[in-house]
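Below you'll find the structures, each written out as structure tokens.
Note that chain A is present in both complexes that follow, paired respectively with chain B and with chain C.
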Partner chain A sequence: MSGYGLMPFRFARFDDARTIVVNEAGEHHFLANEDLSRLVMHELPGGDETFLDLKAKHFLFDSDSLAPFELLATKIRSKKAFLDGFTSLHIFVISLRCEHSCHYCQVSRVSSDRRRYDMSEETARRALDLAFRSPAPRLKIELQGGEPLLHFERVSQIVEEAEHRAEEQDREVEVVVTSNLAMLDDDMLAFFRDHGVSLSTSIDGPEELHNANRPRPGNDSHAKAIDGIRRAREALGHDRVAALMTATRASLQCPEAIVSEYVRLGFSSIFLRPLSPYGFALRSVRTTGYSMREFLDFYVRALDAILTVNRNGTYLAETYAQLLLTRMLTPFATGYVDLQSPAGAGIGAVVYNYDGDVYASDESRMLAEMGDTRFRLGNVQSDSYEAIFGGETLRKIVAASVAESIPGCADCAFLPWCGADPVHHYATTGDVVPHIPGSDFHEKNFFIFKHLLSLYERDPAIRRIFWSWIRNEAVQSEEVA
Partner chain B sequence: MRLHEIAHVEDVDRQLIGRVARTALAAGRADSFLLIENDAPSVDPAGYLGILAFGDASVVAGTPIARGLRHLGYLDDGDVVAVDPNGFVRVLYRRASRHNFILVTEQCNSLCLMCSQPPKAIDDSHRLAEHLRLIDLIDPLTEELGITGGEPTLLRDGFLQLIARCRERLPATALHVLTNGRLFFYRTFAEKLGAIAHPDLVLGIPLYSDIDTHHDHIVQASGAFEQTVIGLQNLDRYDVRVEIRVVLHALSIPRLPQLANFIARNFPFASHIALMGLEMFGLVHKNLNQLWIDPADYQQELREAAGILVNAGMNVSIYNHQLCVLDRRLWPLARKSISDWKNVYLPECDGCDALDRCGGFFQSGTRIRSAHIHPLNTSGGRAV
Partner chain C sequence: MTITIDLSIYPLDLVLRTCHVFMSRCYVTPHTVANGRIAVEFVARDESDSLRDLAGAFSNALLDARLRAVITDETRAIRELLVAQAFCEADLLDRRDIEGDEHTDPRGIAG
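This part shows the complex of A and B:
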């Protein structure tokens, strides 16, 4: 052939002088603005370094060779590999009861009505039947609440039955319990140790902030959590306890102090999460809420503080950046139910509520608690696996979440790194399809992609840190890279 | 160390391949050459495949003998030797060495500008039987065995037979195959290799550029890039482990960082990436004006490329570099890779305190070398 042909890519103006182009497999390249015009007008000279760079990254081809198509096809297939195996994360809402009354909590109840808010033995068993119908080679079972430790009997039943079934079917099953740790006793720890269970908890920051965000009788949530973390690390191993934070209005003022608290507590990662627009959280938006712009300012400051920690020799990854960077800089697939295309609702993760109702996501059941059950897929007692996972409700959710077909997403440069979250879009706008110009979801992700790229471009030291997060290990050959 | 010499032979009417036995064997004589140091054997030669003699031993007529050997005194129990009817004695395998390899064929479908063992257009496919016999005789405790050429896959089914035989006879021996990978463009060939399911097999496959025409020029074969990159993918598809080997020279250096990125993006499954200094033999001399670049002048590109690969979590080694011209930040990646029988040091190396960590030079490749070779004082001396 003479000249060259273009392979599929998207682009966006990055700064005054440069345009970023991103191909279908998520590989990116920076072009001088005028080179973008030359590229699409088929005017780039063949021997040019820019031409060669774009050819090597599969933005263009200049021969009849199969190689660029085969390689690109493989890369695209690899990037979508998170779809393999179908639903792998199965979330069980053990009880809606909780002794905390966090302002931002979506659904929990302070109640002693066990019959009303606890998952029954039979419901748990039926939910396990469904979970083990999933074709996923590795299952992850997450037990949450409310506070699951308030209904430990159900926790132990599910862990033991899951273990038994996994052994029978020769499958790998990982169990994580999400807990505030306040009720964690030594018998529970021994049980978790014996059954290889990991823990996930909440640390919002220093004591004062944490306790303000997470009230409980005695106002001692922070002390209880820290004590729980210490004991759990001793019993289960340091890495078996993870923590995440939720940013409230009060948090926005002190990103540095929050990061320092994570360092002080010896965590190797911190997940900077904005409030969810669901459940009780939406109602208390005036006291705890903020705009996405304010959150992003917080995110930038916190990320700076985290980078400083890493520069000073302590490994601390920001979980969201770690996820996005892996998408941007590596050929590997990264499923994340709230940010993938199609979304992970139902096909990546599913929620079995305490009452047996099955939801496409945690957010779906929170909407249901507010009276909107449109994302309810069925009930473990009355519906079959086929009806729940192959039914009309889930098909519609999945179809609405293919970002490649969403106006405003379809031609966004960052699409290959991004995704859609129909439940979020519905909760915030009343439509499962986002309206991109006003979307907080878009505002957040578009900004963070650009911010991470700017940091990566600017500073070799940051580049090393980002890569260490991607590898999930402290910087080793610091001097080489 | 010489691996062959001419002996005087009697009663050798066909090629004989056998193990060396320095001491009398009770069993397995039919597979073994008895090795005799002095003139008079103190043992009965009956039943042996033949005799290897350093003196002028005379033995029972009818027993094959190769006598008058002078250079192969290092031969020891378990080594494997071939004796041809014309007196040519070759050492095929040394049990004490970590660098044993089978040179499968001298034919090749590429003609790399820097080839260290230029191919010959001869049909040597009949040697397959010799290779299979050798595999039967190699000590099963051997840790590692190389399969090289020429291009070993040109034997097609013969190549697959070799790998299958290794799996059968040498299941604990790591196999390292040097191939250009081009024939794995054909998916069924990769599938057949995968189906052998060798427990410890790596294919070392060279890739010299992220640009097809550049690679094809370096290997002097049009279409080679397409075949190799699709071959790499096919091998991964059938779970065959691959190593990617990049020879560093004036044609591969300019886009080395881009090549590193290309590898990390397209072949993240590669178990090892070897960045290799130029070996100064074979065709390299003929093409020196195209290829030569002083290693001291490409440290920036090398460091950038190595950094990209290390960042991406790939397993990277740097071969064939003298430490005194290697950026000190790259030292953790440097390996002493030159086979034990061909590395040497130079007068310029006198007084260097890093020799024990340095790969030194190929014996036959010291004439053309970096202008920056110098002794190091690693305990705080001259900076690199």
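This part shows the complex of A and C:
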């Protein structure tokens, strides 16, 4: 062939002088603005460095060989590998009971003495039947609440039965219990140790902030969580206990203190999460809420503090950045049900509520608790696997979440790294298809993509820190100082 | 403020796409005018917004939309081939029609 042909790509003006181009497999390149026009008009000279870079990254081709197309197709398949195996994360809501009354809680809490909100033995067994029908080679079972340790009898039943079924089917199963750790006793810890169970908890920051966000009788949530983390690490191993934070309005004032608390507690990661627009979080938005712009200012400050920690020789990854950077800089797929195309609701993760109702996501369950059951897929007692996972409700959710066909997303340069969350869009706008201009979901992700790229481009030390997060291994402090 | 656009340079779908992008920044209304031209009217959401800047940004966005259309047209066939090749080994068929019969009525046609 003479000259060159274009491979499919999208672009966005990055700053006054540069444009970013991103191809179907998520590889990116920065161009001078005038080079974009020259590229599209077939005016780039063949020996030019820009030409060679674009050829190497599959933005153009200059021969009749099929090899570049086959290679790019393989990369696209790798990027969508999260679709392989269907539903791998199965979330069990053991009980709605909880002794905390967190202002931002997504779940409907009920006082801890109302056992009618506990999952029954039969419901747990039927839910396990469905989970083990999933073709995913590796299953992850997450036990949450409310507070699951208030109904430990069901926790132990599910762990033991899952273990037994996994052995019978020669499959891998990982179990994680999400708990505030306040009710954790030594017998529970021994059980978790014997069955290889991991724990996930919440640490919102220093004691005063944490206790303000997460009230409980005695106002001692932070002390209980810290004590639980210490004992769990001793019993299970340091890395078997993870923590998450949720930012409230009070958190926005002290990102550095929150990061310091995670360092003090010896965590290797911190997940900076905004409030979710569901349940109590929505009802208490006046006291705990803020705009996405305010959250992003907080995110930038917190990320800055995290980078300083890494520069000083302590490994601490920000989980959301770690996830996005892996998508942006490697060919690998990273399943994250809230940000993939199609969304992972139902096909990546599913929720079995205490009463046997099955939901496409925890957020859909919360909407149901608020009276809107449109994302209910069925019930473990009355519906078959085929009806729940092959039914019209799930098909509609998946169809609405293909970002490649959403106005505003289809043209976006960051699409190969991004996704849609129909349940979030419905909760915030009343429509499963997002209205991208003005969408907080778009505002958050577009901003963070650009911010991470700016940092990566600007500073070689930050580049090394980001790669250490992607590889999940610390780098020498002199390399990042 | 109103600008007029030559539809022989920017087809109607590109103009409307660009209007969509600007919806969060201002109120934007397209009107048909004669001789293959369309008028786009901008009304500021906030009094402090400069309509002149908005119209200028809109014109630049139209140019980008035109460039995107050129890329899409040139690469459409390749994109379809790539996606087909990427998923050629996946079993993505809806098997209800293949495995169903008149007794099971998988799509509920019999009511």
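Everything that follows uses one rule, which is that the second predicted complex is superposed on the first by the 469 of 481 C-alpha atoms of A that agree within 3 Å, B and C clash if a C-alpha of one lies under 4 Å from a C-alpha of the other, contacts with A are read in each partner's own complex, and residues count from 1 in each chain.
Definition applied: a residue touches a chain if its C-beta (ideal position, glycine included) is under 8 Å from a C-beta of that chain, and two chains touch if they have at least 3 such contacts.
A quick note: this is a predicted structure, and the numbers were derived from the prediction, not measured.
Enquirer: Once chain A from each complex is brought into register, does chain C clash with chain B or fit beside it?
Expert: They fit: once the shared chain is superposed, the two partners occupy separate space.
Enquirer: Using the superposition on chain A described above, determine whether A:S291 touches chain B (first), chain C (second), both, or neither.
Expert: neither
Enquirer: Which of the two partners, first being chain B and second being chain C, lies in contact with A:T314: first, second, both, or neither?
Expert: Neither: A:T314 stays clear of chain B and chain C.
Enquirer: Considering only touches as defined above, state whether A:E70 meets chain B (first), chain C (second), both or neither.
Expert: Both: A:E70 reaches chain B and chain C.
Enquirer: In the superposed arrangement, which partner chain does A:W467 touch: chain B (first), chain C (second), both, or neither?
Expert: In the superposition, A:W467 contacts chain B only.
Enquirer: I'd like to know which partner A:D53 touches here: chain B for first, chain C for second, both or neither.
Expert: In the superposed model, A:D53 contacts chain B only, not chain C.
Enquirer: Is A:N33 in contact with chain B, with chain C, with both, or with neither (first, second, both, neither)?
Expert: After superposition on chain A, A:N33 lies in contact with neither partner.
Enquirer: State whether A:R13 touches chain B only (first), chain C only (second), both chains, or neither.
Expert: second
Enquirer: Could you look at A:P331 and tell me whether it touches chain B, chain C, both or neither (first, second, both, neither)?
Expert: first
Enquirer: Rounded to the nearest Å, state the minimum C-alpha distance from chain B to chain C in the superposed three-chain model.
Expert: Least C-alpha distance after superposition: 12 Å.
Enquirer: For chain A, which residues belong to both interfaces, chain B and chain C?
Expert: Correct list for chain A: 70, 74.
Enquirer: Touching residues of chain A toward chain B in the complex: what are they?
Expert: 25, 27, 52-53, 55-57, 63, 65-67, 70-71, 74-75, 330-332, 463-464, 467, 470-471, 476-477, 479-481
Enquirer: Show me the residue ranges of chain C that touch chain A in the complex, using the header's touch definition.
Expert: My answer: residues 17, 20-25, 64-65, 67-68, 70-72, 74-75, 78-79, 81-83, 85-87, 90.
Enquirer: So in the complex, which bits of chain A are touching chain C?
Expert: Per the touch definition, chain A meets chain C at residues 5-11, 13, 24, 36-37, 40, 69-70, 72-74, 76-77, 80, 83, 407-408, 411, 435, 437-438.
Enquirer: In their complex, what parts of chain B are in touch with chain A?
Expert: Touching chain A: residues 210-212, 223, 225-226, 229-230, 233, 255, 258, 261-262, 264-266, 268, 303, 306-308, 310-313, 329-330, 332-333 of chain B.
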